[in-house]
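Chains here go by letter, A, B, C, D and E, matching the order in which they are written, and residues are numbered from 1 within each.
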Amino acid sequence: MKLRANLVIGGALFALAILVGLLAPWLAHTDPVLDANLMNAEEPPSWTWWFGTDGQGRDIYSRVVYGARISLTVGIVSQLINSVIGVALGLSAGYFGGWWDDVVNALTNLMLAIPSLIFALAIMAVLGPGLTSLLIALGLTNWSFTCRIARASALSLRSQGYVQAATVLGYGDFRIMFTQLLPNMLGPLIVIGTLGMGSAVLSEAALSFLGLGVRPPFPSWGSMLSEARDQITTAPWLSVFPGLAIFLTVLGLNLLGDGLRDSLDPQSRSRRT
Amino acid sequence: MTAAPLLEVEDLRIDLDDGARRVAAAEGVSFRISRGETFGLVGESGCGKSITALSLIGLLRPPLSIGSGVIRFEGREIQHLSAAAQRDLRGNRIAMIFQEPMTALNPVSPVGRQIAEMFVLHKGKSWREANQLAVEALASVRVPAPERRVHDYPHQLSGGMRQRVMIAIALACGPDLLIADEPTTALDVTVQAEIIELMRNLCAERGTAILMISHDLGLVANVCRRVAVMYAGRIVEERGSADIFRAPAHPYTQGLVDSLPRLGSRAALGRTRLKEIAGVVPAITSFPDGCRFNPRCAQASDICRTNAPTADFLEAGGLVRCHHHA
Amino acid sequence: AEAQTPRKGGTIRMTAPYGSSFTSLDIHTTQRAQDEIYAKALHRSLYIWNSAEGKPVLELAREDVVSGGGLVHTFKLRDDAYFHNGRKMTADDVIWSYNRIMDGAKAYPGARYVRVIEGAAAVEKGQAKEISGLKKIDDFTIEMKLTEKVDPGFYFFTALTSIYPADEAAKDGFIQKPIGLGPYKFVEHVPGSRIVLERWEKFYKPGKPYADKVVVAVMGEAAARDVAFRNKEIDTSVLGPAQYVAYQSDAALKGTVVEVAEVFTRYMGMNPAFKPFTDKRVRQAINYAIDTDLIINKLVKGKAYRATSWLPLTSPLYDKEMKPYAYDPAKAKQLLAEAGYPNGFEFEWTTSQNESWGLPIVTAVIPMLDKVGIKAKVKQVEAAVLSEVVRSGDYQAFIYSQQTGPDPQAALKCFHSATPQSACNYMNFRNAEFDKLIDEAGQADDIAKRGQLLQKANALLYEEAPVWFFNYNKAVMAVQPWLHGVQLNATELTHQNVEDLWVDETSPAK
Amino acid sequence: MHEPRDRAVERKPDDDVILSVEDLAVHFPLAGGLFSRDRRLLRAVDGVDLTLKRGECLGLVGESGSGKSTVALSILGLQAPTRGRIVVDGQAVTDGPSSDRKALARTVQIVFQDPYASLNPRQTVRRTLEDPLRVHGVTAASEIEDRVATMLRHVGLRPEQAGRYPHEFSGGQRQRIGIARALILNPKIVICDEPVSALDVSIRAQIINLLLELKDTLGLSYIMISHDLGVVEHMSDRVAVMYLGRIVENGHWREIFERPAHPYTQALIAAIPDPLRHAPLATTGGDLPNPLNPPNGCAFSPRCRYAEDVCRHEPGPVLGTRPDGHTVRCWRADEIAGSGVLAATE
Amino acid sequence: MLSFLIRRLLQTIPTVLAVVLLVFVLFSVVPGSIASTMSDDADPQVELRLKKQLGLDDPVYLRFGTYVARLATGNLGASFRTREPVTTMIAKRAWPTLQLIFASMAFAVVLGVPLGFVAALRPGGIVDSAAMVLAVSGLSLAKFWLGLLLMYLFALKLGWLPSFGYGDGGGKYLILPAVTLGVSPMALLARTTRAAVLEIMTADFVRTARSKGMSEVRVVKWHVMRNALVLILTTMGLQFGALMGQAVVVEKLFSWPGIGSLLVDSVLQRDIPAVQGSILVVVLFFLAINLLIDLLYGVIDPRIRYA
């Protein structure tokens, strides 16, 4: 696997984000929630407050650091849910075909027809704001691409010699799906998963903006950015740092996805699905 | 035939840049083709036939490039010509047919237009005239109802028809040399026979020389007057086709001929065990030293393992590249 | 600046900041503050809010003669008020409008006000066709019999009780092109974008309105409003705390800020059914434990007034003598200990995400409560959900903003034990002494006496502390220097009597 | 090598026949692409009868798209037939893919054409060979290892190579692995679907020899599908020629190659170029007909130089038996037989 | 062709019904109701009447039944909030949204496709790298943040464009929202185009074209473009869906009076008929666009025929 610039840069950015999230308790200067000292409200960036403080006097640097946890959780977990749903449906549809395939196809078309942000908005309205709701909302609404790719791969792999051979050898359906099909479609799935994580992080920000985001005790970058938007002219540091964190992480994920695609599948760059 | 050769290839070397280093995908390739001659190039998959062909019309793309050697067309060196000058030759004087007639034609363009392009590009015709000429060209490759067929798209034609269209394109400007890279590999034998005959007749009519590339010994033997056999990037033997298979000089050629289950041989000789060539075709990155066939050759001796054999010109004409040739 | 003589002409560009659309052009159907902004230009009610006097005054009537022991009001209507189609308003229009509002099948929100007229409730229930307490004496005189001794001004000044043209409004299509009595007539409504109005030449106040045109643009996004205001694309903008500070500290914008104490009280409501909160001492402890001033100064950026009890600063009965609970964590701890919670307790705090009285406040309070041992767990809900939670009593604590004026009697009545929780007694407050005070005030004929009683009730609330008294809203609006005549309306700063506004030549608007 | 197979089979009179295919038809409804409405029927296989005897190699030849692979897939239970009956070793498999797949797996196996696509790139050779044993209830680790090693040696690979992944092998070696996989369950019948056409020419002989050896040592029966008439002639005992979903000629290899009676068989043989013969290739004229729109009457009639009116009539000819015992589907077989041998030998 | 159209239209019915059902079920369990959003402290009596009037007390299946029955006659019901027919409400919002969506897509195509082409002609070159960095960056920005930054820069600092609103409906009001919305499809189109061109450049028929003696420019013009268009169209079709979603954010930010802002308001205020109607219209729009794109495929790609 040739190392490409986008793979390296993207991987590094993403790894950095993960690392920051993991090491948050050690990296952060203060508690992101409880260390609110209104006496220090809205300090601009300085040596004491690297990224400045917010309206409640909390250290933005620490909040950005802890924000990595929430934002990455949102990105990773919701995309995992998407992947599991998409792969389960797509793989089985492509493998079994028939009416089940029709059903899955109809479902996928349905999901494609409702813009996912709108669907997520509706789900958030039902479940109420919060991290779990958000994970569910984003996890349930973005699996159609994964599903299509899994289905298409399963369809094409199904006629491959080794899959037919497995059938001829008397393997059970599940054994075939898990040992013959799944491992051979992982490449594009990983790519789309990576890109999906990025878009989940952005969706979280968009939902926050629309008033249906995540507001657990720990901040997410999206909610920080959304809250700070009124002060973009007066206290720009409030939005610049979470904004940059989102930008760099999503950029990293996108680059990583591109890089993986190029490396895993040098022939067909981003074929349509 | 005494005329100056139409095409002369001398000591051609084609480099493959695999990122870390350059390896010779083909080397020491030399051959000549006279006007109107049919010349065959056979060899197994990956031995370098196609890249040799592509190098002749300047279509090598990175990571492949011409490393050294001379390609003379009508006595003129063409490997260093400007891009524009090469384009003038390409299609116009030297044309090429590819293996896969399905993918070699643009799926979203009517075949008539794809033929007409040739007249626009090289004969300065207007599209209107060119389209008219395209109908004629299609008729000349014996496509029925050509005036209707020009509007068809490739997917509406059968494989044989598509290959006829390819031939019409290639012969549109009356080239002097036609390079046919496995023109019938994708076709069924009965269709193959037709395409080959068509090609052969048309070229004979127009005096077009053919460089016929194939891995099918039988086909080449039938079509060509002279045949070169390639193995692992080198031409190992080049002879008149009547001789080369009947009395092969190179152990590889010999092995190939012997290993084929030929039609009728069982009836004649009963079922005998086929003669095998031991071992496998070497990968391009790990060509053996010396004679590249030596690991698989029963007659190989020490010299074969160290020194690459040079071309021996045979009395009966042709050449062979073997330390121990018959 | 007011020394100049008002200029005629020009365009006033106001903004509607509370959401990204107007609800309806039928102002009877909507009681959102957003809609009343345009309604102030388009419609008129029997009374109007006079910001300078801080009370409702007669608008469509010239006089009100009270009789029948304070229950019967005889209004002399103006005879120079014309609907925008040129027809003169008469008593029939008033009666028709009030009857319409009481149509039970339609559930118009204004019913809560008109219900004060005798016989209105019967119409609502479908038992009568017309309100029996409302009589036409002649074309310009009506007699109104009330069920309670209240000042009808507080009931008939909002746009919810606007007077519609009787026949015209009954027709289809009226709502697409509404007609009213206001200083401006309707031109167009681009849903989600703006309402455009133009001067009504036959408006009854001489020389008014001044401007030719009024545009009310819907702009829910504060950040966008900020840019637009700085970019001189709009004439008014409502400011949140962050922008309040920013505008004040910006030399170019400082002069544009106008502010007023609005009749809203922000508080944390505590559910007496939740064990710790049954104890008054616990509720008081919470009031002591929170450094309210700090929150107001730092977090709310001074864009609020410290609440001393329930009735707000601009309420006619506001008690200047009252002092807010001091910040005294020690006292709080002591009270908690006395109440049997020396180690504090834990509760769930339901909040919306509102920046002035929602999640940010809660987040700031949590560490303060933590210091006295009380652990608060946040439960965030949407605004739509919060109001239901509050009404159903399905909470341990919540934070809210409640209108506490302009009528002090109505505001305090919320705590009367006869007021159901779903109405506005959200804390399900029950206190016999308090009930007595309110009842007596309701009977009192003497205004001063009534005021004393109500102030007493207000003080009792302070002592009982059913809530954490947080603040009274300070409404802040930025107003471009070329817009004059802005009124400091304590009921809602954005509700401007548009006929008094005018723009000078420096306005960039065409 | 031969373990007793625990299967209660009522031995039929014709004990010799291990596989019989009767009137097999496979029709594919074509949606005609994403956008077209008409659902046309592609008759990929249309009334095929075949029998395979124990220890025999049956060659199946015909042009691309004539339905050879589809017949194979039906026998393997991978393709549900539209009609017809397939009996493998006394058991009917016609119920489609869901019928007892495991029992069938121990009887019939397949070797695929493409040695690259037929091995799972993410499994080692060992895994590829061990898994089928496990699926079929062999659990003892030593037995599994034994059998894998034996099989690898059988196909000419070294057991040490079992830990490698497919991409570490050459095409010929991969095909050996494919053969090993087909044989690991000790099947009785092996279907070879063009086992050598994707291989380097210099490797083909190795694989052909290997297949023939295994057939003898393991007592296998083959169905050998190929384009390459040379290979078919070399390997087969009997040969069936398919054209457009039907068998047009079927008989002993000698009869088919020396006395082809069907014009199509004749054309096929005549079109094969031979390295030692320099004659113009015999051309047939015309293209393969569109299988979606087959010609009336005899499917070959539009390309047949002997075609007469009767040939173009509906319905097509039936299989008739030649004096030498092989069957032909041609109206004029009697007249044509023997006349077209111009090409068979020089 | 016509029958193809009709068939495709019929095929959308199940999708539409499923959408209706989905949204209906979702909003039948949503906490909070329109009544509680009418005001902070509404009159409980009025509220009860309102609920009754709106049928909120009826069981879900009954409401769903009535809804579908009405839907069949093209009636989307009346908004809880405005008491206007939802159809009228949406009709007024549709044009601004269409303007916005098509303007963004136009921006995306006009910028993205040429960028992709230029990048693909010299893969790995400076233009390519710059274009792709730009494209990936465009994909990685939170939309509302980008919108704010643009607003800040072009309206406030440079004073070139109005910052908000629909204004007099003039084009200058459209530019900032359209650009904000168009950045990510632009980026995606640039990438798709690049990838498509690169892929097609390796196709056999391109080699054939070169073997004819064609210059690279001609190769691209005569043989690559049309083939690339198929892939570009596919991306466009899917992007329309994403655009409808993102429009919600952008419309809200720029006070653009489209369906997106109607939708958010309606969701937040539990105006179920309006939510239902807006989502339905968004879905129908997406389906219509994709139908159109399918038809375009037929024009571009002869392999696709509408029998």
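Criterion: a contact is a pair of C-beta atoms (placed from the backbone, for glycine too) under 8 Å apart; a residue touches a chain by one contact, two chains touch by 3 or more.
Computed from a predicted model, the values in this text were never measured in an experiment.
Asker: Starting from the defined contact criterion, work out which chains touch chain B and chain C both, please.
Answerer: Per touch definition, common to chain B and chain C: E.
Asker: Which chain has its C-alpha centre farthest away from the C-alpha centre of chain B?
Answerer: With centres defined by C-alpha atoms, farthest from chain B sits C.
Asker: If you average the Cα atoms of chain A and of chain C to get two centres, how far apart are those centres in Å?
Answerer: Distance between chain centres: 43 Å.
Asker: Centroid from C-alpha atoms only, then distance chain A to chain D, rounded to Å. What do you get?
Answerer: Once rounded, the distance between the two centres reads 49 Å.
Asker: Which whole number of Å gives the spacing of the CA centres of chain C and chain D?
Answerer: The separation of the two C-alpha centroids amounts to 87 Å.
Asker: Taking each chain's centre as the mean position of its Cα atoms, how many Å separate chain B from chain D?
Answerer: The computed centroid separation for chain B versus chain D comes out at 32 Å.
Asker: Residues touching two or more other chains, restricted to chain E: which are they?
Answerer: Within chain E, the residues that touch at least two other chains are 31, 148, 152, 156, 252-253, 264, 268, 270, 303.
Asker: In their shared complex, at which residues does chain C touch chain A?
Answerer: 222-223, 226-227, 230, 240-243, 245-246, 291, 294-295, 297-299, 301, 353, 355, 359-360, 363-364, 366-367, 370, 378, 380-382, 385
Asker: Could you pull out which chain C residues touch chain E in their complex?
Answerer: 19-21, 23-24, 26, 29-32, 104-109, 111-112, 124, 175, 190-194, 217-221, 223-225, 227-228, 230-231, 233, 381-385, 387-388, 391, 400-403, 420, 422-424
Asker: Over in the complex, which chain B residues touch chain D? Could you list them?
Answerer: Touching chain D: residues 44-45, 158-161, 188-194, 196-197, 215-223, 241-242, 245-246, 252, 255-257, 259-268, 271, 273-277, 280-281, 296 of chain B.
Asker: Would you pull the chain A residues touching chain C in the complex into a rising list?
Answerer: 33-36, 38-39, 41, 55-57, 125, 128-130, 211-212, 215, 217, 227, 229-235
Asker: Spell out the part of chain E that touches chain B in their complex, as residue ranges.
Answerer: 203-205, 207-215, 218, 222-223, 226-227, 230, 300-303
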